[in-house]
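Dropping the structure in here first, questions after.
Labels run A, B, C and D following the written order; every chain starts at residue 1.
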Amino acid sequence: MSHNSFGHLFRVTTWGESHGPAIGCVIDGCTPGLALSEADIQPWLDLRRPGQSKFTTQRREADEVRILSGVFEGRTTGTPIALEIRNTDQRSKDYAEIATRYRPGHADVTYDLKYGHRDYRGGGRSSARETAMRVAAGAVARKLLAVLLGESVTIRAALVRMGDIAVDRARWDWSEVARNPFFCPDPGMVDAWETLLTVIRKEGSSIGGVVEVVAEGVPPGLGAPIYAKLDSDLAAALMGINGVKGVEIGDGFAVAGLRGEQNADPMRMSGGTVRFESNHAGGILGGISTGQPVVARFAIKPTSSILVPVPSVNREGQEIEVTTKGRHDPCIGIRAVPVAEAMMACVLADHLLRHHAQCGWPALRPAL
Amino acid sequence: MSHNSFGHLFRVTTWGESHGPAIGCVIDGCTPGLALSEADIQPWLDLRRPGQSKFTTQRREADEVRILSGVFEGRTTGTPIALEIRNTDQRSKDYAEIATRYRPGHADVTYDLKYGHRDYRGGGRSSARETAMRVAAGAVARKLLAVLLGESVTIRAALVRMGDIAVDRARWDWSEVARNPFFCPDPGMVDAWETLLTVIRKEGSSIGGVVEVVAEGVPPGLGAPIYAKLDSDLAAALMGINGVKGVEIGDGFAVAGLRGEQNADPMRMSGGTVRFESNHAGGILGGISTGQPVVARFAIKPTSSILVPVPSVNREGQEIEVTTKGRHDPCIGIRAVPVAEAMMACVLADHLLRHHAQCGWPALRPAL
Amino acid sequence: MSHNSFGHLFRVTTWGESHGPAIGCVIDGCTPGLALSEADIQPWLDLRRPGQSKFTTQRREADEVRILSGVFEGRTTGTPIALEIRNTDQRSKDYAEIATRYRPGHADVTYDLKYGHRDYRGGGRSSARETAMRVAAGAVARKLLAVLLGESVTIRAALVRMGDIAVDRARWDWSEVARNPFFCPDPGMVDAWETLLTVIRKEGSSIGGVVEVVAEGVPPGLGAPIYAKLDSDLAAALMGINGVKGVEIGDGFAVAGLRGEQNADPMRMSGGTVRFESNHAGGILGGISTGQPVVARFAIKPTSSILVPVPSVNREGQEIEVTTKGRHDPCIGIRAVPVAEAMMACVLADHLLRHHAQCGWPALRPAL
Amino acid sequence: MSHNSFGHLFRVTTWGESHGPAIGCVIDGCTPGLALSEADIQPWLDLRRPGQSKFTTQRREADEVRILSGVFEGRTTGTPIALEIRNTDQRSKDYAEIATRYRPGHADVTYDLKYGHRDYRGGGRSSARETAMRVAAGAVARKLLAVLLGESVTIRAALVRMGDIAVDRARWDWSEVARNPFFCPDPGMVDAWETLLTVIRKEGSSIGGVVEVVAEGVPPGLGAPIYAKLDSDLAAALMGINGVKGVEIGDGFAVAGLRGEQNADPMRMSGGTVRFESNHAGGILGGISTGQPVVARFAIKPTSSILVPVPSVNREGQEIEVTTKGRHDPCIGIRAVPVAEAMMACVLADHLLRHHAQCGWPALRPAL
């Protein structure tokens, strides 16, 4: 059991606080012989890196990752892969005021209730800074999937809703995602979001959002019937991203309103293989992948560190008003997009190894 | 690692198929000295038992639980608690036809893709019958919580939406839940649901729903900052219930539309203790319980075993139409209600023991 | 984490007390598609069954195993395999006297110190009766190894020392093991042991012993460099057998007296493959199997339940003399022999699946 | 599951190779609020540090540990504690020759058989250098034990045998251990060992040894009846130390020669508490601590990296003679002494937290 690990066979343990000397992770169980270098990881970190537009925190971090073990002569050895990022922009003074004040909606208060002692600088362990290591681990997971599944897996995510403004799926364009600061897949929506977020930011507030992550090329057979379900593990992984309050697979909450024949994805044959005519299931039936795209979605709350004052209390039990200065994302949903992809990659890599262990390697059972 | 266990310190491993000789579970890690007998478990099983109204499967099962180990002279010994229910009504012949046909929306096809061999009788391991053991384990978890937390924890669930018809929260009455066959907390909605489900059933179809589960009296401090988050574990547990496609904590997906100050739950002092003025967070901040009610919700899809024909394929790769006879719940959301309570109880028991291990026993740190 | 499971990917959870209604286990992670029936398990249980000679406990148990889940139409399905044995000969009255008296050398006292409550009948959970389920699980592990490794694995154990009388390795004959009631591999030693044990038994005492277990045909590459070492897991598994106080791999304690060049197993080529010229290492180097026979040995203490009086105390804190009536093995080393084989089989099956997960399936990397 | 972690609730994950840029570990689950700084850890590392006498490897490492997370304002926060040591003396050139040659008795060959790729510099992951992180983790475990058990626990180890020369227990003096370069507890034996090891070293060979580790002040009740036995976990931890081939608890292999009444530790009352009159059991009965000193012993083989030539093969399958230059310990048993203490501390800390989780905190049940 571990409080700071995820995955079972592709197992990632992260450590580090927002304003400590460094953050890092250890990846255990990775297949030996994979080509791997920092260059495979850094680009994904760069996508998540703060300070790239005025719509994310102005903290400036190089987020330069270093591989400290587990790779020799450019290939993984099968021993634990240690990754580390030195923290460089640690303006702890911004947080002096927060040390004894609880931000409503923030983990400040629950940390104190649980541990009686916490690193309050920049949120300490609860800072979204920790997600950098998930992105790094996700990059390794992508390599593993690419090698073991032959480049067939594509994992992409996008912000599909900001506040009350959702993208128009008819205009969905994956290539657009890289062209705007919001990871928005709908070119027609970028301006509206920019307008909304500019207002939110000027008012010192923040706004929630919804992220969707899609994995294509996932072979059928990943997952398990009961507690090691692919959807169950995905739900845990996505709910574990800072600020997430809801998770959906496939049609998600919309299934509540469907009848059996509406929800069922009809099957036909196509080239000797089963083909589903729709994907209400989001690529997972009974906890096991069908071979269709795996589709998940999650809602992320507005940042709780805002300039707008909110009634609160402090460690001494006095009633106060809290406003939070410092450098915060007005919509944490944006930077959650690369994190979502990383978590999907890690969960799939873990389940691929689990499947290998029980049912076979390297070929998964071909569909029909 | 285990495919058929959940929980870490209050660890439940289940086994058994729908039409095998029995189903059972092993609970490992339970505190010694708890008073426990079958009479503590059976009532919860009776709530979930099929065949109690025309709105659930007509399979007749006594679901009589027996404690086979771990209890001596009426008290738990600290050794594994084995529970078992013999299957009595196993009309396997109903399923002969399903053996080679895949029900769209069902795990039939993914099991075959993964394992190449499955027990097709009544869904085998994917049958909701397995959830009886979760309810049994949940009953033990309730005992543990009651003893360690002084009867302060109340865990209740209800069906809050059937198809497109949601309950009116203004009329919410927990005592109503036991009075109707739908676990509906809104006395004004029972008739409408009865009408809806009668139609659905007559048409040989099924319908989705939404279940809400609320735990009151949960002490602050349960959970952990990153991967052992209380909400993350709850998400996994609830997404792991058969047919669930979406999970929410607190305001859930609605947070996407909120601004920071709307989502923050203001804090005031009350009798020397922090009091939250709202509960958008659903009792969990940063993965750790706040002391407020823990509120979760999940959407459950319509049963895929229906009489309405759906295009499909069979094991031989031929295109067919599938209709499923047999005894199926037209709305599996109903019988998911006791299961939801059980999963909440198990997750809380697990996190209580985890908290004890790291931070102290028996008293949790009092709020402020 | 679990207190009552062993193995990670071939995971066995056992439950049950000596005098409860039944004992059982759940095997999770077994490869689907293996032919399996009770007939594959029962013969191994029969080897361990008590009451077969005057040199083991006279408790009469049929030890009839039943498969309750995880097997359909004669093959494993990939879902948990539940095995159960009903207890039939539970003469609890023999133990009334033990309820409040602590047997020196027995777990009576530590159970009370830990749990404050225990099932004292027949040792409850600490009874060697629990090892029946290990033997049953070991039988399933053997099937898995046979299918995945092509019948190449042979796992055999023998009692190699009783009291101060050790077998003569020059006379070692595996086929002799089945021909005498001691699992003795040295036909020239059977009479001496019979004489010794007859005396011990008449005097109401007991005697220790040493068991050796050898697995031949184990492919190279099983294990891991650090904490998941094959020898480390073997040590845990064997030390976990009731009464074991020492474990050795290969030359064991004798290595302390060797020089580097004496301990090293020279390597030569033979038919394109590496061949070791000796096996001081016991088939394991750096935690990983070499392809040579895996050889382990363990010392087991004399039964603590004896007729000879020993000074002790009771639950009330009074000083007493304890003598234990009832039906006890004068040399528990004898019946530990089939258990040793089972533990070896389970550890190898677990490591085979672990290797598959990380490094490949089904073929292990051929030696050189 | 993890290949590079040990412990369950006090969970240590190590990473790093002998000649990589650094080695490190992550400790998860540590109790919050413990005073901790590098000064608590460094002295234990200094004991193990190489190059302190002519009898250990001449590699010069400062082994300066740094805490990178989990500690704030001098106290543990409950979040993961990351420790790191930069490698400074990495003379990789010494190992160029080893890259393609297998040292008999070394993990070289099994790594290649398993992974097909390895970091051959200085043994890579199989280097005893990894044990530095165990010593660091052990220092944290000692702090936890001291705080939770009130300084009552003393954990000490010594080399009790080198080659065929064992210490005289009648002259055992713990204070002597720090006064000689062998961690020898017998002042009368130091000269003999010095003579022996000087010869061994000059001849370019190596020699085995036996280490004993004793924990005093361990409360009764730690451990569990079956697979989470204290002795089973100790056996795994000690067998996991590089080069260990045998492990004993208490009387160890000597129990094989004992009769029941000789092996039983008689109990008497003393001041209202049970007192054992001997400690054949080594402080553990039925997998659970008795309150007596926990005594374990292990045999460690002679270093396989020696100047004496041994027949071997290389990666190309050619028969060769291997001699190993470089800086190697002639008796690795010496530097295993601080490692043994560390492993004992970690196992006890883990079991203390496990006990808390299930049975209570902070007070363990007092003996009788």
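The working rule: a contact is a pair of C-beta atoms (placed from the backbone, for glycine too) under 8 Å apart; a residue touches a chain by one contact, two chains touch by 3 or more.
Computed from a prediction, not measured in an experiment: that's the story for all the values here.
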Between A-D and A-C, name the chain pair that shares the greater number of C-beta pairs in contact.
A-D
Recurring contact interface, reference B-C, options A-B, C-D or A-D [over half identical by residue number]
A-D
With centres defined as the mean C-alpha position, give me the chain A-chain B separation in Å.
26
On a C-alpha centroid basis, what's the spacing between chain A and chain C, in Å?
45
For chain A and chain D, what's the span in angstrom between their mean Cα positions?
39
In chain C, residues with contacts to at least two other chains
1-5, 8-9, 14, 29, 32, 78-79, 114-116, 125, 225, 354, 358-359
Along chain D, where are the residues that touch chain C in the complex?
1-6, 8-9, 14, 102-107, 109-111, 113-116, 125-126, 130, 161-164, 200, 205-210, 220-229, 231-240, 242, 244-269, 272, 274, 277, 280-282, 284-291, 299-306, 308, 310-313, 317-319, 333, 354-355, 358-359, 365, 367-368
Quick one: in the complex, what on chain B touches chain D?
1, 9, 29-32, 78-79, 225, 353-354, 356-362
Report the residues of chain C in contact with chain B in the complex, numbered from low to high.
1-5, 8-9, 11, 13-17, 20-24, 26, 28-29, 32-33, 66, 68-70, 72-73, 75-82, 114-119, 121, 124-125
